[in-house]
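Per-chain residue numbering starts at 1, and chain names A, B and C are given in the order in which the chains are listed.
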Amino acid sequence: MAIHRYDNRLGVWGWLGGGRWGIERYAYLLHRLTGLAVLLYLLMHTVVTSLRVKGIYLWTEGGFFHQPIFRLGEFAVVTAFAFHAFNGLRLVLVELGFAVGKPIEPIYPYKTSVGVQRPLLIAAMLLALVFLAVGGYNFMLGAAK
Amino acid sequence: MRNGTKYWTWHMAAGVVLLLLLGLHMVIMHMGGSVHLFAPRGADAVSEANSQWRDSKICFALSYILLLGVGLYHGLYSLRTILLELTLKPAMEKAMTILLVIVGVGLFGLGSWAAWAAHVVALAGGKG
Amino acid sequence: MAEKKATKTITFHVTRYNPEVDAKPYIRAYAVEVNDGMTVLDGLHWIKENLDATLVWRYSCRMGICGSCGMLINGSPTLACNTQILHLSQKEITVGPLPNFEIIRDLVPDLLSMFDKHAMVSPNIVRDEAELNSTQGEFYQSPEELEAYLQFTYCIKCGCCMGACPTLATDVRYLGPMPLTALERYNEDTRDEGFALRAKIAGGKGGAFRCHYAGECSRVCPKGVDPGKAIQLLKRKLVLDYLHLAGKKKPCKKLEGPGEGKLLPNMIAPARTIPG
């Protein structure tokens, strides 16, 4: 008689984590979400900006995409880009083995690569915040007009 | 994928190039109040006049094409990676890859043509 | 001798699943008398002895070296024998089977998929058979060369890293942190010549590039093996190899007898007793 095994894979919920994961796990999730957001925007943006050949400038003053809701959406894309870019910079360094440390003899309490790259994550987040602060200031300047 | 290392390496390289090019693009378009770059025709960096000024410069036309290329490659490769992790049927995966390649090449074609055509139009000094 | 008074009653929420009877797993609560120093493994034994003899789980050494008792405890994959109940909570804990594996029964995961993936990466020294089988001589490896892979040899194949990995949650083909760490362990070993043999699987559909450094595998590893680090180092090796920037490394020599390798000062090599 075949024994029925229950498939205990977490599925997409496994991407979302369970509340007891480290910051890097959430950075991984946010990196995916922001990447998808920016990609979706890129696909639309390519089509919209290509219309300028026909003299159609939909994003300038008076254009369809100049409305506040779309300007806010654009700022959301800038936010997504800020996180994705600076976290991506950290990932390029980590995934090419530059910021993970050398193999060492594991002595408890263990010092892992997660701890080694943690300052890089914090620096990336701070840089993203600075980028956003400047972007936000400019957004408010534009909104005030 | 027959040569995973090759595509991934280019994905990383595209990411780094994007950091620079897209970062510059964001600064030009969205931070004109603080860092006013490449927008000599008025305070609004994304106005029609400033867009046409940039379109008239060959280096902008070429960098737009490069930005579009690396952006599409980086983005669509990432989307493909995410979708491959869902363990779909092999036929679905193949179809998905082909669809993404078509979308990527198609949009690249459209955007590159638009960059070049806009450059020609801007040089002629008028609207399309 | 009077029984030691229990210090606390902790509720264990344990996942139960009997494939012959249940359609899917469910959670059952047990009130466990917990003393200071009791591990989750001790708690499970207490349940089996006092409350429910049908509870099933894997264990062996009960001291954190065999890797049998990997479970999901309070949402984190860890070894039951290594985890003190009262360090986790003073009221209740949840105990479930390792995620990302099939469940055979109760807390017992089917680890065969992990071992099959492990076998796929050629987890052995790949070298000229004659050299490997020859009983003469020994491989010359410096302490620095040993340190380059020693950390990755401490893996006890418990599967906790596999349970923590977000990619394995959806991707059946992904090799996972444990097999990839084993792969890197052999790649870094100077006695090994199998880099090219393993490169296809390492860079392939289920290989190292499906890792996006969520870092959970390294956080949960009970032996400090740091599989996350191993996988990133593997990616580095693969990229450098693709760009032809990796130095051509020859595997370490086999020393056939006295007179080869570095002699310590003031030591005279003994005369050969085996005919050359």
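One rule holds in what follows: contacts are C-beta pairs under 8 Å (C-beta built on N, C-alpha and C of every residue); 3 or more make two chains touch, one makes a residue touch a chain.
Remember, predicted model here, so these are calculated numbers, not experimental data.
If you compare A-B with B-C, the chain pair joined by more contacting C-beta pairs is A-B.
Farthest chain from chain C, judged by C-alpha centroids: B. Per-chain CA centroids place chain A at a distance of 31 Å from chain C. For the pair chain A and chain B, the distance between mean C-alpha positions equals 17 Å. Distance from the chain B centre to the chain C centre is 42 Å, each centre being the mean of its Cα atoms.
Chain C has residues 170, 172, 235, 239 in contact with two or more other chains. In chain B, 12, 86 are the positions where the chain touches two or more neighbouring chains simultaneously. Residue positions of chain A with contacts to 2 or more other chains are 12, 95-96. Those residues of chain A that touch chain B in the shared complex are 12, 32, 35-36, 38-39, 42-43, 46-47, 49-57, 59-61, 74-75, 78, 81, 85, 88-89, 92, 95-96, 134-135, 137-139, 141-142. Across the complex, chain B meets chain A through its residues 12, 15-16, 18-19, 22-23, 26, 30-35, 44, 46-48, 51, 55, 68, 71-72, 75-76, 78-79, 82, 86, 103, 107, 110-111, 113-114, 117-118, 121, 127-128. On the side of chain A, the complex with chain C involves touching residues 3-15, 17-22, 24-25, 28-29, 31, 91, 94-98, 100-108, 110, 112-114, 117.
Across the complex, chain A is touched by residues 17, 19, 24-25, 74-76, 97-104, 109-110, 147-152, 154, 166, 168-170, 172, 188, 211-216, 218-219, 221, 223-226, 228-230, 232-233, 235-236, 239 of chain C.
Contact residues of chain C toward chain B in the complex are 167, 170-174, 199, 203-205, 207, 209-210, 235, 238-239, 241-243.
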